[in-house]
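The two complexes that follow have chain A in common; it is paired with chain B in the first and with chain C in the second.
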Partner chain A sequence: MAVANNELEKVIIQSVLEELAKKGLLPSKGKDHVMSSAMQDTPLYSNTSSEEMVTFPPLDEMQISKPFNADAVKAMKKSTPARIGIGRAGARPKTMSWLRFLADHAVAQDAVFLDVSDEFLKQNNLMTVQSAVTSKDEFLTRPDLGRRLSEEAVKTITEKCEKNVQVQILVVDGLSSTAIEANIPDLLPALMQGLKSAGIKVGAPFFVKYGRVWVQDPIANLVKADVIVSLIGERPGLGTAESLSAYMIYQPNEKTVEADRTVVSNIHKGGIPPAEAGAHLSDVVQQILTAKASGVKFNQQK
Partner chain B sequence: MILKAKVYSKIFAFKSLKEVMAKANEEKSGDELVGIAATSASERVAAKLVLSNLTLEDIYNNPVIPYEEDEVTRAIYDGLNLRIYQEIKSWTVGHLREYILEHKTSGDDLAHISRGLTSEMIAAVAKLMSTMDLVYGSKKMRIHSHCNTTLGVPGTLAFRCQPNHPTDNVEGILAAMKEGLSYGSGDAVIGINPVEDNVETVTRLLEMVKNFMTKWEIPTQNCVLAHVTTQMKAIEKGAPVDLVFQSIAGTQKANDAFGVNAAILDEAFDLIQRKGTATGPNLMYFETGQGSEVSLDAHLGVDMMTLESRTYGYARKYHPFMTNNVSGFIGPETIYSGREVLRADLEDLFMGKLHGLPMGIAPCYTNHMKMDQNDQEMGTLLCAMAGSNFFMGVAGGDDVMLSYQDTSFHDDASTREILGLRPLPEFEKWLEKMGILENGLLTERAGDPSIFDK
Partner chain C sequence: MPESNIQTIMSVGIDIGTTTTQLVISRLTIENTASGTFVPHVEITDKEVIHRSEIYITPLSDRDLIDAVAVSKIVETEYLVAGLTPENIDTGAVIITGETAKKENAKAIIDALAGYAGDFVVATAGANLEGIYAGKGSGAAAFSVQRHQVVANIDVGGGTSNYAMFHEGKAVETTCLNVGGHLIEFERQGDRITYISEPAKIALQSAGQRLEVGERITLPQLRPVVKAMAACVVEVLKTTKQSELTRALLMTPTLRLEHTIRKVMISGGVADYVYAPQGPVTMMEVTEFGDFGPLLGWELKLCLETAGFVLEKPNETVRATVIGTGTQSVNLSGSTIHLQEKTLPLRNVMVISPFSSTIPDTVQGIGKAIKNEMLRLQANQSEGSVALALKGPRTMTFVNINLLAQGVLLGMEEYLSQNKPLVLVIEADCGKVLGQCINANANRPLEMVCIDQLEVEDCDYIDIGKPLMGGRVVPVVLKTLVFNR
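Let's turn to the complex of A and B:
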């Protein structure tokens, strides 16, 4: 998990250092800056064109200074993703485990608080509509508004989307913009291709900003689709911020409840890889169309 | 009952005690989501002013949810000592605040009036208190409980070792448990949240912890935090259980959503007394948290803080060994920021203690809140100064099963050192015997889970 984040961690640390340098908090050129004894001889900042950069040591590196049984520590670390065997400075964490924790939290927070970029949406041909939410703060504190569409969204969908399709796919930011940007480029084409080769009529996918799972219900009614698939960013953990879920619903109405939705979660490169997930989802959608039901009712028919 | 107040040139009128209680709260996103929060800073102060002038009798006569309609209200009123209530019913809430803070009022005095206070009265007085008031008042109250060992001994700070694993892997849980013990965490309980809520998993984990406790002669208690009914089935089948756990809330409707009610809790309490492995007499463990009723849509228009207080009123009937909040776990729609979490944690600690509960705190947060580790550590230190009986202990502060952040094994040991607090006495002796602790400080050997692997 954290190993998979290594590249991201590097980028984050580099950009933090650059910011600090800009603010004059670090020497911007000249002598190497030494952070701590643990990192001696490691240049903290030289210049941006250099290939050298600071990063975290491998997770399996021994952090306990004099382990009683080093093999046992190694075996224990393999048995759990929990942060064990990380050593200490006094009773406090060592510098590297503290900074690694900060980096993991930073990645998670950025996934929640940063938006999916306009450039990304353009590259992936996704039209954008917005829920009834007007800001990120409101999105987080008013789940009710994230389930509804703005008036403008209703108008856009009514005017621009194809109606009476069998399947409509939505890309929804939810709680992780990172999950969208990391998975959609592989996931969406695989899913579209699977459905199209099965001869299923699919509307052009579009993006819902500040959306919650339930926003699929009013959209289903506007485009008159049999099945709506929402590809939505999950709440990030410290382990990964890239996890995405697919929520599928067959012909929702005002009586629809949580249990009527079919969910496939844990889609990310460390879980169900996105391309594989696309193929799998295409199968599930076809089964839902045949069963004319989703969620618990769908499971009972299987 | 005067429900109108003038703050300088502005007059504010309120319709009910319930409205005053909600509007007197410090800002929290959940009260705003429900639409019951004060709409201006002046209105908030006006509500506090009205509240300060109400008598305890006014509050007694106006429960926020009627007695006939709600089991939690009934538990609160049925458990009240009416003689003590009669002695203090003419006090205003403002007077109660000053009584609590007076030098001459001792912890024993507070334990005495506690028997005559309803949960709404306790919430009301906490609404008039600042951060330091809450710490000052909480510190006076030291509540003991006994299961296998004694929790709440003056000068001590205990921890629940929480070695959760995303797939309930026994080796992985054991590894995190050893890590925690090697930092001195685990004297309150070794308590595991299982992923799979079934008798087989629960029994396997209970036996694993119990065997480890026996082998290494560790003076503590075990607990697996599955649904209470699963634990009851496990006990009936002979699983070794020291403490029975359940999450509870402040309305009957919310408890229904948790699948629990007084009849089930009564049965569980009876069962653990007859078939549990621990000495007792305190054999229950409850978790609570501001906002759970909001997220379950079961708040009935009552503010989160008052509902949390009612949860403590519900809990006290069962004389729990330990109770802690997880207010920071519920999400930003109920508690948005580090500032709101800190406030909730101090309120919960104070309200729980004034109910006579052996309170601990989980100063925790999720990744979709505006809170970070610095806020979390401030909350931990404040609650420790306020005399929290215990905190959690999670490897590196990162719970890999529940996906949230809580006090780490490092924080546990550090907090003890910073404030000169010690582990529970029996556990400290064990730590010394194991060579983990010496004169209250971690030794060279500490922080190494492999000391249990010869």
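Let's turn to the complex of A and C:
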């Protein structure tokens, strides 16, 4: 009996393996080898060294096994990028949800730790200056230094930038280099076009490496611009790492505080689309110039 | 620049149907719902019906012709009761429905109401739009959002049954069947037939009944005919392969039934009898209003239940269409508005969709597609304005948006040379930047409205009203002028 069972098992395994091999799901090595590895219960597909990209199923795929009202789950999932309606395996998330979570976390970390590439800056014709920060670690641990310019930056800006402009635009990496690379190519030309059509004098935009929002204040005083627009990468979340904000300030001085800044946030393809944001910002800048104020003072005039 | 963040507007809805004419006045609250750090987004946040008219029997000067002067008297009286004058009314719509939806009626009514209906009220008709307004007024659209269930709303009136299926608040399918409670007329509370309409004759023939005007009829004689009509109404929800009778009574292509119907709502004059605890048992009860509406309602309920449909009670029954017309006909749209005050309102702007699937990737390609469509519709020869309806640029990049702007200017060259305003309606969220690109690329200042995030699919004409909220938005009314027959 035991022998007969063993024979039967072999036949079943063999036919299954042949079927898999036909579909290209097994490395096409000798049948004997495949058979024996199956018998030994070792992983058949041990390609752990492969760096091949894994593709996740689409986000709107139904992950709840027996939804009571699938339409409701779909509608709710559509309304938020949050991880809802993802089903569960016992008390734990399903493997795919967990992997997606890890992947999104990795994307967020990359956004913080990577630099905006030189190639990108060249393509977009952006001169680079650096804040008083000297390294990524220092940037993360010393926000105060990210708000000041390096001596070299002061020199470069003084020498190279046009002075007494109405508007100076800065591209600032902030906490997401990814956001810069994802949005600037569409946002910046739209903003420049809008300001140009309105006949506003704009200085050539440039890039501030390791910069924080407040770095716009010393720059405003160097270029003597009425309005500074900082396009800065937002702290990435698990929903998106591509979100960008625009901080605008009218003639900052030593008394300037956070409430004096006007902000438009959530600029990315899933929020305000970057090109549309550029056109909107151009309107806001024109209003700030007319109001001669930004932030709360600007809102109170509305 | 003072910008108010909240504003109210008065909207009137007038529904002129086969049997009844009604009016409601609603107060719509419009508000910028985006927080300060976002792009402003103005929408209607509250709809409050402040006046419901009596339900009038539609005044007719002969069987098919509406007495437009009498209708305008009704409107005048109701304004007086509500304590309003035409100057108080900002927007709204007159919908001419059912059997009365005929060209000559629409024209007469527009003329007669011109003085009473405020600055921006439009006449509209079309079976599909009627079904959608009824479903929005009955609460079916809202129900489909709240419960995430597909709801079929059937507005059963005097002459027609208008279907609209809602999925997440959006009307996904519509149709119209020539079945209503007023297709055979009787002496009030009596049993003598005074009129038999054409569709009723078809139904009678199919049921093998011979009835003539002047005859007296018993309930057992009438019931099979009404049952047959109710069965037709239900059959449309069940299958796309219907009986000969149903096909004969369908006035538009039938429902495709691409969604599973979870709930059915009935609105319209017949609806109250669908949700009544018991049906009429004597001819006197049936002909309470000189027709067979009560019996049709009851038979419809039985037929729906037998077929396994789950009935849900609507918020509004007989007033669904008029409430939908008054509160739902207006869309607000913002983005780029470069217009001189005197250009608005723009009425009967013909909607043209030059791109069937994808947008060409060159300026010349885009321009040519627009030119061809303008030529095909002879839009440059017509006097009115034209609205270009687009889904979006090829991609949302600035390069592609700018390309689209240049293509639009090229394609609309001849139209713009006649000094007509450029009207663009785009579904994607890029109305501001597209408007900006058009401005930057044009060689002179253009009169332009570029509105986004609005779908104008299946709509033939739009009206654009005077700007609200300090010029940030304009009211837009979508119209289909497909008159029955």
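Note that in this section the second predicted complex is superposed on the first by the 217 of 302 C-alpha atoms of A that agree within 3 Å, B and C clash if a C-alpha of one lies under 4 Å from a C-alpha of the other, contacts with A are read in each partner's own complex, and residues count from 1 in each chain.
Note that in this section a residue touches a chain if its C-beta (ideal position, glycine included) is under 8 Å from a C-beta of that chain, and two chains touch if they have at least 3 such contacts.
Remember, predicted model here, so these are calculated numbers, not experimental data.
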- Task: Applying the touch criterion given at the start, work out whether A:G203 contacts chain B, chain C, both or neither, answering first, second, both or neither.
- Result: neither
| said: After the superposition on A, what does A:G211 contact: first (chain B), second (chain C), both or neither? | reply: neither
Have a look at where A:N69 lands relative to chain B and chain C in the superposition and call it first, second, both or neither.
-> both
- Task: Go through the superposed model and pick first if A:A108 touches only chain B, second if only chain C, both, or neither.
- Result: first
According to the stated criteria, A:P236 is in contact with first (chain B), second (chain C), both, or neither; which is it? first
Margin query: Contacts for A:D186 in the overlay, against chain B (first) and chain C (second): which applies, first, second, both or neither?
Written below: second
Kindly classify A:G295 by the partners it touches after superposition: chain B alone (first), chain C alone (second), both, or neither?
neither
Exercise for review: Based on the superposed arrangement, let me know which partner A:G194 touches: chain B (first), chain C (second), both, or neither?
Suggested key: second
Partner chain(s) touched by A:L175 [first = chain B, second = chain C, both, neither]: first
Both partners, chain B and chain C, contact chain A at residues 69, 72, 76
In the complex, the residues of chain B that touch chain A are 29, 32-33, 163-166, 169, 171-176, 178-179, 183, 332-333, 336, 366-369, 372-373, 395-398, 400, 403, 405, 408, 410, 413-414, 417, 442, 444-451, 453-454
The residues of chain A that touch chain C in their complex are 69, 71-72, 74-76, 185-187, 189-190, 193-194, 196-197, 245, 263-266, 269, 272-280, 282-283, 287, 290-291, 299, 301-302
Residue set of chain C touching chain A in the complex reads 1-3, 36-39, 145, 147-150, 167-168, 396-398, 401-402, 428-433, 435-437, 439-440
Seen from chain A, its contact residues with chain B in the complex are 64, 66-70, 72-73, 76-77, 79-88, 90-93, 97, 101-102, 104-105, 108-109, 111-112, 140-144, 175, 235-239, 241
